[in-house]
Structures are given as C-alpha cells and as structure tokens.
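Below, each structure is written out as structure tokens.
Shared chain: chain A. Partners: chain B in the first complex, chain C in the second.
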Partner chain A sequence: MAKEAAYVPNILRQGRWVPWLYLGPALVLMSVFILYPGLNTLYLSFRNQNGSDWAYTTCLAGQPCWGIFENYRYALTSSIMRTAFANNLKWILFMVSGTVLLGLLIATLADRVRYEALAKAIIFMPMAISFVGAGVIWKFVYDYGSSQVQIGLLNALITALGGRPVSWLTEPQINTLALIVVGIWMWTGFCMTVLSAAIKGVPTELLEAARVDGANEWTVFWKIRVPLILPTIAVVITTMIINVLKIFDLVYVMTGGNYGTEVIAYRLYIEMYTSYNTGRAAAIAMVLTVVIIPAIIFNIRRFRAQEAMR
Partner chain B sequence: MTLERFKRWLGSLPVHVVLLGLCFIWLLPTLGLLVTSFRPFQDVNETGWWQVFDPPKGAREYKQFCAACHGDHGNALPNADLSNPELVQRYRRSFTLMAALSQEINGQPHLGETPLPNENQAALIATYLRRLSGIEVRPRFTLDNYIDAIVGYRGTRNYRTDCAEGVQSVDLYCDWRDLGNPRGMGRALLNSLIVTIPATILPILVAAFAAYAFSWMEFPGRQWLFALLVGVQIVPLQMALIPVSRLYAQLGLNGTFPGIWMFHTGFGLPYAIFLTRNFMGSLPRELFESAFLDGASHWTVFTRLAIPLTVPAIASLAIFQFLWVWNDLLVALVFLGGTKPVLTYQISNLVTSLGGGWHLLTAAAFISMILPMIVFFAFQRYFIRGLLAGSIKG
Partner chain C sequence: MSKRIWKVMVVLVGLALLIAACAPAATPTQAPTQPPAEPTQPPAQPTQPPAEPTQAPASGIDCMGAKPGDELTMLYQWSGQEEARLNEILKPLVDACGIVIKPESTRDQALLDTKVQAGTPPDIAFWNVAQLVQYQDKLVPMDTLGAHRENYADFFVQPGTINGKWLGLPVKADIKTIIWYSPAVFKAKGYTVPTTWEELDALVEKMVANGDVPWSMGFESGDATGWTGSDFIQDILLVKRGPQYVLDIIDGKVPYNDAGVKEAYEIYGKWAKDPKYTVGGAQGTLSTGFLDAIYKVFSDPPEAMMVRQSGFAGGEIARKYPDLVYGEDYDFFMVPGAQGLQGGADWMMAFRDTPAVRALVAYLSSELGGANWAKAGFDLSPNKGATGNYTDPALLKKGEMLANTQGFTPDIGDTIPGGFGKAEWTGIIEFINGTKDLDTVLAEIAKVQAEALGK
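Now for the complex of A and B:
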C-alpha cells in the first residue's frame, strides 16, 4: 500500500481533517462499544460483585486468596469453571475435528458429482438457522419419552432396533456430545464452503500429472490436495476454535447448562445475570479474550502477508 | 451399457451413496420439524412424525373386529350406524364398549365367532369410533399450530376452538388485537424486524464511509489502524456486555431499540469495514484518478463512483449482518429481554416454559426460520462470497 501514495493526486492530500470526517462515526462507535468495554471489563475483573471495591475484599478468612486477582481464582480454579473448561475442550476437540473432517469429505465428494450445488446447499442450510431454531430441531430429535411411545427420531430408531431409549440431554457425558453433534450439523457447511473454494483452486494439471504417474485417488488426496490446501485448513481450524469458544445459545436452549453441560460463555452469562457478580463475569470475559489473542495475532499476520502480495 | 461404463458407474457409486446419505441425514431433523408443525397437537404426542401417513390409531383393530359387519365407514348397518355421533357417544369409553360387545344380539354373540377384544384393543377401537363418527374430528394436517404460536395461545386445546366457545384466557381478545399479544410470535416477528433492519443498514452505512477513507484517502496511522481493525474482528462480544449494559442502565437505554441497534452497529463495524475496504480498495485506480483530475470532490467520488461499484460487497455484507442479527439470542437477551421480545428470545422462553409443547415449538421455530431461509436461498452466492472474504465475526 505504501507505493500507492506516490500516485495519489494532489486533491487527496487536501484538507487534513476530511479523512477523519469519514472515519469519525465508525471510530466513535467502535470506541464506545469495543475499546471502552474492553478496558472497563479489565478494570471490573479486579473489582468485587458490583464494582464498588477491589476484589481482595471478597476473600474469605482461612481460604485461598489471590488478592486483587480473586475473581481470576474463581474463573480458573473453581470446580464449576473447571467443568466449563473441560466441556469447552471437548467442544473444541470434537466439534472442530468433526466439522473440518466432514467439511473436507463433503467438499471433495461434491467436487465429483453433477448435483454439487444442490448437495452443498443442503449441507450449508443450517448456517442460515439460529442456534435457537437448531436447538428446537434437535431437542425434538433427542426427545425421550418415558412411556412406550418415542416421538424423538433417535430413540424411536433405537427402540425399533431393540435397544433401550436414552435420555440424551440429561445423561452426563452423553449430553455434551449430543450438543456437539448439533454444532457439527450447523457448522460443517461453513468448513465445506471454505475448503471447497480452496480445493477448486488446486491446479488440475497437478492432479492429472499425479494420476498419469499412477497415483490412486487416495494418494492424490493425501499427498497433493491436502498439503496444498493446508493454509486454508489452518484458517478454518482457527475460525472454528473461536466460534466454539463463544458457544452459548445452544447450551442455553437445549439444557440450560444443567446436567454438567456448562461452557465458559454460558457461565459468563449466569454470573452476570443470575448471580449478579460483575467481577467474576468480567474475569471470565477476560479469560475468554486472552484465550483468543493468539488467533487475533494470527489473523493480523495473515492479513499483513496478503497485503504484501497485493 | 458397455462393461467400461458399468465399471466407471460402479466406481463412483460409493461417492454418491456417501454424499446422498449425508444430505439425507442433514435434511432429516428439519423435515421432522416441518412435518410436526403441521400436525394436530393430539397426534404429535401420540405418534412419531414419520408415521404421519400411517392409518389413525385403532384403525387396524376396527378392521379386525368391526369392519366385516359395520363396513369400512361404519355406516353399513342402518340400525347400528357407527358414523352417527349420537350412537357412538354412548360407547366412547372402552368399558361401555366392552359391555356392548359382550351382550348378545338377536340371540347371537355380538362378534359371532371372533373372540372379544382385550382392554387395550377396545380402547383403541373406541378412539377410532370417536374419530369415525366425527366426535373427535381432526385432519391429518392443520394450520392451528401456527395460529396458536402467532397469538401466543397457551391453553390445552387451540385458539380457534377456545374463541368459538368464548372460553379464551383473559389476555386474548379473539380479534386482530391478538397479533400484538406480547407472548405471541406475531409480536416477536415484528420486534425482530424492527431490530434487524436498522441494525443491518446502520453498520453498512457507517462502514462505507470508513472504508472509503481507508481505500482512497491519505492520513497518518492508516496502516496500523486498519491492522488493528483486522484483529478486533474476532474479539468476543461477551467482553463488551457488562460495561455496555451498565452504561445503558445510566442512559436509560436498556430495553430500547436504539440501544440494541447501536450495539450491533458497533460490533458489526470491524468486519463490515474490512470487507468493504477490501472490495473498494481493489477497484481500478485509473477510474478514481481521472475523476479527481476532472475536479470531482471526495463526496462526489464517494457517492457517484465508490458506492455504486461496491454494491456486490455491500450485498454480501447485508446478508451476513441480517442473518447474524436475526439469529442472535445473547445480545437480545441482555439488552431487550422480555420488554421487547424478539423471535429467538420468545422461542427460548417457550422451550423452558412448555417442555413438551412440540406442536407450538415446532411452529414457532419454523416461523423464525422462514425469512433467513428465503434470504439464504435467494442470495446464497453473496453469502458465500462474504464468508470467503474474511474471518467470521462475533
């Protein structure tokens, strides 16, 4: 971009304040809604429940205390938050691998059929639905009837095959996985779309050359396609991790965080609007942000690299 | 078909099977929602949605025990017409039916050679008779669930029946005013539109100005400011909830539309500016130079040249922001809550308040999905372009 400046006609340099007039509304709004809240949340995370005093005043005698970082002690070590972290880790592990692998599979398969557009539209469709809508759709699939009649698809299938119905959303361990399946259903379309664009960018001559040399499809896929789209896969994985960390609606609608399905973003909401503890909520928000910082840096680096190529 | 072609077809078969199988699995849950939303509520809890075309409950037992004499429609015997509600009314319970069946008719057992049905079967036959005679008529598909969801009906039957008998609950008027019932989806749909439309237009408008400055103006700090913007795109909005809701409480903006418009605008901006600037900045340079040389001002170039040429990017952005705001629950929950319920809020409330009210839930969910689905299928191309242009916001 630096070299562009040399070409800029004189008029562009006139009126030093003109650019700020154009930028003004955006900068003001972003300051109020992103910059100020960021700093304020940082400050509040060192304060007590309602922000009236420093956090160390909430320490109880004879119990571990992190002084001014007391809220962070809660956010990082309390048992309920540990459950949330463990669940978020599960989400990241299963949902990211699930969506990326399925997305890659579907993108590769769809590339070889004539009804590609239709198949991709079907897989992509859940992206248009809200988490709340998806929550209702899947709560119905998971429905568990205590009587003989199962109106939930999954339990009906299991009973038809002679198994015993499962209460998918209240059974510990199973329920988080059941929620993750919904997440995979919603986000595979995103991974598929981005990966599909990358796959189509792989030069066909390269693939043909490998095939002529006698490589089978499996080798072509793993030895040529995947390495070539590896940068895109990295971007997709980063984006998915960020998305997963922010998961809130699904848990809120499907289980209400009960039966051990807590996640970080859900805890934050509960601390804020059920327990009315802004200090703890702010500390959780900061933890969430800090976890995402590497991704922010990664994004800026990638952007710089792209700009350099323009 | 030659052997060669057959072999090729066989080779590609696994691809089709896997792909079509996945598409089927992907569609199935939504199909279930759609079918259920059109079924009468009595049926929803009685049979699975995939059994929607099965014969009604008790039809098999009726056929087995009664159809031979009474006929398929129950009206074969003029002196024992089972399609007559008055007659069936007397046998609507299984034990009265059993009593009737165990009595002799003209000195013969009622059922002749056939053994009597057991308790269960009798109950099923009674159910079927009620349906046959019109005492309990219900169609296979109905729009009642949608009506009930829109007006916020919460009774045990349905809105139309209650209103016809004049026994509706106190918050219903049984006229057009019910469309505005705060518990209904009709009101929520309106609120969602009021939230979404300005929250889509505002960030695009503000972003267009900023993107123009980033693309075609010189000012100190341009590069690092834009790099910062790229990073800020993925800051979780959870971080801003607490300070902003405290700020809003002081300004009296909690529970108001302007409050939520501004929040969505603020958080939508980084991505909006990023996308618009990438597009605007890649427009042909000569175009702008010749305009400036002709003496055009920035304002003229912006409104006459930059904006019209950036329409494709703006379209992507509009769809993205629209879907994002429309589908959002968290921001609506925090800044509007129950004072001005939007669709997502109303549905999440329905889920917690009526666990098993699937007929209402499915209809409500579908109401909230119609608009985004239309937008998605109509503008899929733009949506995907926006997706590929940058990372995901939120």
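Now for the complex of A and C:
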C-alpha cells in the first residue's frame, strides 16, 4: 500500500490536527456539559451546604465526623439514606427481574399468535405515558378512602369481593412493591420489544433441527433460544438496572418519598431543592454515579464484544 | 400485514389521546402539592370604597415630604384579587400625596435576590421574615422611616428586630390555630364549643361515646405530606407550653426531643391513630388529602365533627359546598386554651430612605392604614388600628382573636432552615404510621434541628 501511495496531494494528506477537528465539537460539548459539571459536583460534595466552606465545618461537636468527607458520611450512613439504598435494592431485584421475565414471556408467547402486533402494541403503550402521568393514574388505582366509598379501582374490587380495603401507598411493607408494579407496567414493553427482536433473530433451522431431534418446546426455549439471545438479555438487564437506579418520578408523584419509600434519586432532589444543601446533594449524586458505573462498563464491554463478533 | 399494524396503531393512539383529553375533567378534587398560599375568603364584601369618599383625602395621612410625582418601586408576591385589594388600601395615600407606585409581582424570590445583589433593589419589598435576616445590612430601620411602633404588639415587633434594629413591619397576617365545625350539627347533637383545652378533651370523649368521630385529619399533600400534622402539634404546644416555648424550639434553645414536644406528639397521636377519634384511623390520616379532610366535616351526613385547619379552609368549604352558610353551616373557633397563635405574616421592608418610602411606612403603620387594610378585607392586619374594622364576619372574628392573643409564632418547620421542615413531616408520618417509635422519631428530628441551627 505504502509504495503505491507514493504521491498523495497535500490536500488529501491528513495532518496531525485533523482528527482533533473532527473530535472538537464532541469534546467541547462533553467538557462543558459532562466533564465540568461532573468535576464541579465532585468539588461541591466536599463543601458545606452552600459551597462557601469545606465540609468539615459542618461537623458538630460530639458527633461522628468524616472531615472533608462529611457529606459522604451522610450519604452512606444516615438512616434515611440507608432506607433509600435498601429500597433501590428492592427496586432492582423486583423491577428488573419483573420487566425482563415478563418481557421475555410475552415476547415468546406473542411470537406464535396472529395478533402479535396488537398484543405487543398494547403492552408497549405505557411506555408512551410520562412517569408523572403514570404516577397519577396509578395513584387513583391505589386510592384508599378512609370512609366507606372506595374510589380506587383496586380497593373498590377488594371491597366488592368482601375484603378490607388496603392503604396501598402508606402501608410500609406494601407501598414500595406497589410502586414497583407501576414501574413494571411501564417498562415491560421496552424489554419485550428488544427481546422480541432478538427472538426473531434466532435462526429457524436451529429450532427445527432440535424439534426433529425430539426436543420439546420447553427444552427448545431453555436450551436454544435463551442461550442464543443471552447477550441481548444481558444488555436489557443492565439498561434496566441503570433506569431503576435513577428512579425518581414515580416516587415523587405517588408517595413524595414518605412512608419509607425513599429512593436515592429522590433524596438527592430533596437535599438540593428542599433543604438547599448542595454539599449533601452532590455527595449523593457522586455515590449514585459510582453505583451506576459498573452497569455502564458492563454494557459497553458487551457492546464491544458484539461489535468484534461482526 | 404492516398496513394492518399501522391501522391498529392509529386506533390505539387515537384512543390514548381521547383518554388523555378526558382525564383532567375527571380529576377535579386532586389536591395541589402545596397548601394554597393564601386563604381566598368568600367574596363577601364587594367593591366597597375603603373610606367614606366624602372624607378629605389629606386628613390623617402624613405625606412625610413626598411630592406629587415621586416614584415608589415595590416588589411583592400578591397577584390578581390580592393585588386589587392592596391597591384599594393604598389608594387614599396615592390620592393624598400623589405618589406614583411602580409595583412588580412575582413569587420568585430569586428575582428579589438578583435585584438586591445588582444594587437595584425595590424601594419596598413585601416578603418573608427570613429576608429581614438575609438583608439586615441593606435595610433601613423602621423607626428612622417614621413607623408607628405603638400600633403593634411586642410579639409582632420582636421577630422584625434583627440584632437590635427594627427592620420589618408585618402588614398582613393569617392565623392557623383554628378548628372548623358545623354549628348546625353541633346544635342537633347537643355539643357546645369548648373554651378550654379540658373542655375540648371532654367534648372529644363525649363524641366518641356517642359514636361520632370527632376529628377529620388528612396528611396527603404530595411532596409536602405531613404539614397538617405539624400544624396541629404546634397548636398543642401553644396550649400546653405557650408561645415562648415554640420560639425557643425555633431558636434551638429547646431541642425537638424535649419532654414538652413528646407530650404534644402523644396527645396528637392518641387522636390521629385511632379510628374512634379520627376518620379511618392512622391510615385514614395518612392517605386522606388535606382538602378532603376539610370536606368530610361538612358532607351530608358528616363523617367527622371537627377539622383543625388554617383560615383558608373557609374558602375551600364555600367552594365545595356553595349552599352552606357561614355562621350556620360552618364556623370556626380558636384552638381552646392556646396561649398564642400560630400563623404566617408578610413583612414590609425598606431598601431606601426616600420621602415616598416614609409616607408609605407611616401610612401603613398608622391607625388609618390598619383600618383601611381591614376594610379592604385583605386577610388580617397586625396593626391595632385594624381591630373591629373588618367587614367580613369571619375576618372580624379572626381579627378579634389576633387582637387578644398573647403571642404569635411562625410555623416551626418553615422557619428552621436546612431541610428541617421536611424532616419534621417525615418524622410525624413515621410516628403516625407506627414504623418508628416516638423517641427515635423525635431524636432524628432533633438531630436535623441541631444541624440546621449549628448547635
């Protein structure tokens, strides 16, 4: 190659600075909107409530103190943040497994029926509703009337069947699960669509070969389909984990973080805009970022591996 | 095939849009996330002229050297009908002195902050008491401006006095230490309005014995859920310990887990958690919207006998049940035995010393200014000149309460900075929900109190 290209006109020759020219706009945008805010957040997380002094000045005599990391002490050890972490864990466990399993189930079942498009469209519909809208809708579904009349759908059903109404959003053992159900309702459509596309990508010859060899549908599903779409499932899971870690809107609209439904992102908002404590808010933001990073790295690795396979 | 998908999609999207279009109409009673900023009293008094028109405009108004054409810039949070009432109050001053008022209305405190930082503050701002502390170095003391100190009770001057300087004047106030009830229902059932805390306690027990639910309580207020509980508890503190105790909590002299606070929580919890005492018990208290809680007392048949709620409840009752008559179907009484009132006030503060500013301060703090404020029916005026001059019967009664009280305390949660209010609400919710025991809850709130006040 090099020998043949002995003569290249100057105008086609790529100088050292040309790649930077291409990179330039992206670099500028990333520095202004990601890098600088990120570094500033890190800095603010070591400062006091309004950024006017270092965080250790907020330490109180006789109380434990982490010096400059005082805001992180709050973000990692305070009881309200521990509740938030526990709840986020619940969200990850139930919502991610719920959306992925249901999505896989529906994608598989819908693959076989004539009205596949309709079924999938219906399941996908909630995705088109904003979180706030969904929160308001489900708040009515869960409504608990302290008097005899139940205007909430769920409690109306329960009372009609002779049961006792449940205050879904305030009972501490039930409410986070009740919120997670809304999350599942919204996001199953997303998982279903992605997984359905993957299922359709499984070569039919493989499935037929297995059937000819005497495999039943159960075996075909677990031994052939699932292993083949495993990379997609992994991507869906990590994407969902990232989504769930950032969950805020549903909690804000439906319970206001009360009754023990606090999540990390909600606490971040409260510290920033209700308590006006930028230090703590920044520290929580940093913690949230650190928690999300592994999922992002995993996603990127998977993506690269897939690219390499092509 | 793909065409059919599109058809299906179009139908579905159309349906979704239809549903979305119908939704707002179906949800009229959904409570707003914040309590209504100010009570909207039933428009009882139409456009009455504030003073007799025949009265000579100059009489009683001291222009303090302001000349016709002098400009006065103002910044306040009022708008619409509130603004109209303010103009009604200021009209005699404008007529007498020819001052040109240039007002600006915003709810955005950032605007005030920006203007002050830019060195172009309004001559006069009507804002919260916290701004007196914030701008203590930039404000002109009220006594240099010729404010009439004698028209204000000490407990209205004291919060406006920062580091020995009297910087702010409360021009408008509303009170929260109020219980709403239905005189008609009380009469039919043989209940009488209590005048002491013991009588209230006995009345509550009597209602329970008769099978009536005494209280209607509702916490639900979105992001601000719990504030009705904190208001009630503060009233109990005012009954049991008095206004100085509440002010000491705000100062941090009394920690929030003090025995007095615990006592108030226990009294409140006895009522708020038990379905015999409040509609739906603990879960009813937690999940009922604060507006719905008001309505329950005046529905037919009533679900409860009483609701403790601020002055704005009157406007809500009138809106929800337009046929009910104030004084017969709904009325209020002061929380019996309260040694002081809980409420909010708007504070007048001056950033400049000009003749026009002096004229305004002197006018609003004069007896005439107080009387005109009362006649305009713009909530209550802490000015002693206001007493007896209200035309709206509810305001007249509230004005009487304000004139006779021994103390006036702001909301504890709103006044302590740094997330204390939210922590207080959360704590009350956890206490009512039974997820934490009272000592833990109070210790946690006390911790936030100490952090917020740096003590």
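Going forward, the second predicted complex is superposed on the first by the 276 of 310 C-alpha atoms of A that agree within 3 Å, B and C clash if a C-alpha of one lies under 4 Å from a C-alpha of the other, contacts with A are read in each partner's own complex, and residues count from 1 in each chain.
Note that contacts are C-beta pairs under 8 Å (C-beta built on N, C-alpha and C of every residue); 3 or more make two chains touch, one makes a residue touch a chain.
Fair warning: this is a prediction, and the values are worked out from it, not measured in the lab.
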item: Partner chain in contact with A:Ile122 - chain B first, chain C second, else both or neither; value: both
item: Touched partner set for A:Thr159, first chain B, second chain C, both or neither; value: neither
item: Which superposed partner A:Met286 touches (first chain B, second chain C, both, neither); value: first
item: Partner chain(s) touched by A:Gly256 [first = chain B, second = chain C, both, neither]; value: both
item: Partner, of chain C and chain B, that touches more residues belonging to chain A; value: B
item: First (chain B), second (chain C), both or neither touched by A:Asn277; value: second
item: Which of chain B and chain C A:Leu60 touches, first, second, both or neither; value: second
item: On chain A, the residue positions that both chain B and chain C contact, one per complex; value: 121-122, 125, 128, 133, 136, 140, 143, 252-253, 256
item: List of chain C residues in touch with chain A within their complex; value: 1, 4-5, 8-9, 12, 16, 20, 27, 30, 222-226, 279-281, 283-288, 296, 303, 417-419, 421-422, 425-426, 429-430, 433, 435, 444, 450-451, 454-455
item: Contact footprint of chain A on chain B as seen in their complex; value: 12, 15-16, 18-20, 22-23, 26-30, 32-33, 36, 44-50, 206-207, 209-210, 212-214, 216-219, 222-223, 227, 230-244, 246, 262-263, 265-267, 269-270, 273, 282, 285, 289, 292-293, 297-298, 302, 323, 326-330, 333-334, 343-344, 347-348, 351-352, 358, 361-362, 364-365, 368-369, 372-373, 375-377, 380, 384, 387-388, 391-392, 394
item: Chain B-touching residues of chain A, taken from the complex the two chains share; value: 1, 4-5, 7-9, 11-13, 16, 18-20, 22-23, 25-27, 29-30, 32-34, 36-38, 40-41, 44, 51, 102, 105-106, 109-110, 112-113, 119, 121-133, 135-141, 143, 149-153, 156, 185, 190, 193-194, 197, 235, 238-239, 242-243, 245-246, 248-249, 252-253, 256, 265, 268-269, 272-273, 278, 281-282, 285-286, 288-289, 292, 295-297, 299-300, 303-304, 310
item: Residue ranges of chain A in contact with chain C within the complex; value: 49, 58, 60, 79-80, 117-118, 121-122, 125, 128, 133, 136, 140, 143-147, 167, 169-172, 252-253, 255-260, 270-271, 274-277
